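Below you'll find the structure, written out as structure tokens, and then a few comments.
Going by the order they are written in, the chains are A, B and C; count residues from 1 in each one.
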Amino acid sequence: MAGLTLERVNKRFGSTQVIDDVSMQIDNGEFIVFVGPSGCGKSTLLRLIAGLESITHGDLMIDDQRVNNLTPPERGIGMVFQSYALYPHMSVYDNIAFGLKLAKQDKQTVDERVRQTARILQLDELLERLPKALSGGQRQRVAIGRAMAREPKILLFDEPLSNLDAALRVQTRNEIARLHERLGSTMIYVTHDQVEAMTLADRIVVLNAGHVEQIGTPRELYERPASRFVAGFIGSPKMNFIQVTAEADAEQGCRVEIPAVGQRTLPLALSAGGPSETTLGVRPEHLIPTASESGEGLEIVNVEYLGSEAYLYMERDDGELLVCRTQAPSPFRRGQRVTLDFDPTHAHLFDRDGRAVPPRARREARPEPQGADS
Amino acid sequence: MANRQPTMAQTPAAPTPGGTLETTQPVRPRRERGTRVRRRRVRAAWLFLTPMLVGLALVAGWPLARTFWFSVTDASLSSLEGANFIGLENYLVYDNGWYGILADPLWWQSVWNTLYFALVSVSLEAVLGVIVALVLNAHFRGRTLVRAAMLIPWAIPTVVSAKIWAWMLNDQFGIINHLLMTLGLIDAPLSWTADASLSMWAVIMVDVWKATPFVALLVLAALQMLPSDCYEAAKVDGIHPVRVFFRVTLPLITPALLVAVIFRALDALRVFDVIYVLTSNAASTMTMSIYARQQLVEFQDVGYGSAASTLLFMIIALVTVVYLYLGRRQLGGGS
Amino acid sequence: MTLRRLKAIALKTGFWLLVAVLVLYAIFPFYYAIVTSLKPSSQLFEVSYWVDSLDFSNYVTVLSQPTFLAAIRNSVVVALSVVLIALLLGLTAAWALGRVRFRGRTTVMMIVLGVSMFPQVAVLSGLFEVIRTLDLYNSPGGLILSYTIFTLPFTVWILTTFMRQLPDELEEAAIVDGASPWVTLTKVFMPLLWPAMATTGLLAFIAAWNEFLFALTFTLTDSQRTVPVAIALISGGSQYELPWGPIMAASVIVTVPLVVLVVIFQRRIVSGLTAGAVKG
């Protein structure tokens, strides 16, 4: 089987543990995206895979071969850097050809490969230019071209779009998706932009403080977050979190007592025992507001109109904001009071450690989201 | 003279990646000592350093060690190989009276001359350098030209500037005496380079002329990096410019000034060429370098001369260490 | 109101006066050397502030001396060789010190810094022995070798500073492309470091061109001298009869190239001088 395997990979800088026991399995041709907050170790993990940093302990395998000790070209990787890192004194042609020449390819092969790469990336017209005479998007394409010219087995991207403006970012994102389709090579992509992650990835790896929170398809992450961290990180606006007391109920799942809403029953398999402090998570689109005449419920403190949808913000007694997504134009106004309810099948419950409470086992069991330690 | 070029220690605490680490986990205790890329880079780094290190060992390390060795021998220029160990006799020995460098009044005078020269010329250069830098920092037409003009004394070879000044200071036909007499400041021509009471000042004058641009340039670079908002704040508060200078500008340029001063001081302590050309081996301006070279080359007494060189080295090392220590303390733990 | 304007005018005048004094102070000696060098020997001893005659006989005298021409040739050979060696060794060392983290780096930096503080006299006797052993006494080779003691340290320092400023990702891109350290240095970094190399080369050139103590000590015959020694040793019948005209002409000849270089490249020189010192 071809692909990439990380087995309990660790990285320390001095005494700080930056990557903590990361294991994962990446299939050949997959598009994997690493996301996580700033400083969580995304770049470091990517650089470990590239061979630019040494693995403190653990194994990295490419195509079932242990590659911890191989140089980047020997590992067969190509990398696109955030700042592009084009060689400023070389033309586009030479930038793309540099690695090929160093690999001792004959002149003709080099020329063919460069031109072919340029064709794929629509750089034909720019081959003689210097990087400083290119636009940001063009530079980005040259950087990609340089990384893929050697036909690496694995292409790595470290926040490649963060220096582009919004419009160009969407366009280049599409180009990268199509490139993946066309090349079929394994790609690992680091970003902190969850839209990029959701749109590009076959599977997303959510990192937090050096460890893997969850690995799964975008849909799995969105619908079945394995932890409160993932639930809060994926999705915009963020999931609403409410402190609740929950108690297992053998018959229907679990009962939760929600302040200002009342008691609800969720189809989740809370472990038996007395009532416990948990966190209820409901995505904005699953909150159902109802106008309240009696002056009960919560006050709408703000309404954001975005054209295709609208967000309502409600302030709770403890000062926390709840957000609700409705169709636009919204029937609600600022200052209005609403009562809230939600669809229990779309509710999430997180225990005190932030772990998600799994759904109740049913006959047609849903696929279990792949957790960090699975 | 080459060491007018500034260099300053940046001592980055280099963390050692892939360094020691005890793993208490029951996982595979595999520890990597860096990837092959890293190991190869470190090896290449040493390889790349080798030519420089060999060069420095050949022209600095080894010769310095030999100088130390010669200083405890009776080597002479014609018989370097046949030198005999004589202990510290070159430095100080009692043989019906004290002999050796430390008992030589001329050497003590050269130490005093050197320190005097260094202190006076570096102080003047620091003050003048700051003034010149402030002028060059102002925005006025032709600033680039003025800056280029300021660089000229720095670029002129020391020997040449000493010759030019020797001519200007010439007792009979020198323009300086002519000027001073025309202005009525003196009645009779002064013999600047020959008169023992004047020659040190002549030497200092030439050194200040030549080295001030260097100090000014370093200070100017620091001035140009100052944040302009401090000044705007001071202006808004209506603080007098002189006070702004002492309260805001001076503290901020102090690090650069200290760097410039240490380099100048090190240069001044080993001064040789200006004095050699201007006043030759005269006692009134004899410095430690002149003294050592005179013993070494002219008197061919390598042992004695090496002892003088060794003492000079020690004194400069001492000054450097003390200065760095004080400077570091003043800058609050250094850079 | 008028008082304030008067004060402003006075300030302005004072400032320009200060500028004028400084400029005069800086360039007058060199100017005066030119004035003197253009005088016929008969007028040499009359003080004059302006160029009142254009007599090139002093230049003819100097340039017709084979020893002076030899000195110029020696100086050029020595200075250029020193620049070349310093840049070559300095560049490789700067890569190692500026871009690789390894144990002992700080020590090496300290050694380099320490060497730059050596008084030249302190190595004179030892270096004399080395030069004689290598059979380089009284030849440009001995000077080229000995000049590395002061050119190499600052070359390494300045180039290291510039080397550090190059982005890390550029080097990593080269590594991913499969470039060895040598290829990275020569194919990627060197083309980007040309300005820095020009600066350091210029400073090394000036330093080597101006050096006096070693040149005086390690050469013996007129044909092997460098320009500063040649000028210092120009002598007349006695100490009081120095041929000032030819001396000034020689001074102007060896200084003009430097002054031209400095004026043209002043920006570079300033950046080089401050490069090592900015982060004190």
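For this structure, a couple of remarks:
Basically, a residue touches a chain if its C-beta (ideal position, glycine included) is under 8 Å from a C-beta of that chain, and two chains touch if they have at least 3 such contacts.
Owing to the predicted nature of the structure, the values given are computational and were not obtained by experimental measurement.
Shown here, the protein chains touch in all possible pairs. With every chain reduced to the mean of its CA atoms, the largest distance from chain C is reached by A.
Separation between the centroids of chain A and chain C, computed from CA atoms only, is 57 Å. Averaged Cα coordinates give chain B a centre that lies 15 Å from the centre of chain C. Counting partner chains per residue, chain B shows two or more touched chains at residues 15-17, 37, 40. Across the assembly, chain A contributes residues 52, 71-72 that each touch 2 or more other chains.
Those residues of chain C in touch with two or more other chains are numbered 175. For chain A in complex with chain C, the touching residues are 50, 52, 71-73, 77-79, 81-83, 85-89, 98-99, 102-103, 146-147, 150.
Those residues of chain A lying in contact with chain B across their complex are 8, 12-14, 21, 51-59, 68-72. Note for the complex: chain C touches chain B at residues 15, 18-19, 22-23, 25-27, 29-30, 32-33, 36, 44-45, 47, 49, 85, 88-90, 92-93, 95-97, 100-103, 105-106, 108-113, 115-130, 132, 145-154, 156-158, 175, 180-182, 185, 203-204, 206-213, 216-217, 227-229, 231-232, 244, 247-248, 251, 254-255, 258-259, 261-263, 266, 269-270, 272-274, 276-280. Of all the residues in chain B, the ones that touch chain C in their complex are 1-12, 14-17, 37, 40-42, 44-46, 48-49, 51-53, 55-56, 58-60, 62-67, 70, 75, 77, 80, 132, 135, 138, 140, 144, 146-165, 167-168, 170, 172-175, 178, 209, 213-214, 217-218, 220-221, 225, 255-256, 258-260, 266, 269-270, 272-273, 276-277, 288-289, 292-293, 296-297, 302, 305-306, 309-310, 312-313, 316-317, 320, 331, 335. Note for the complex: chain B touches chain A at residues 15-19, 21, 23, 27-38, 40.
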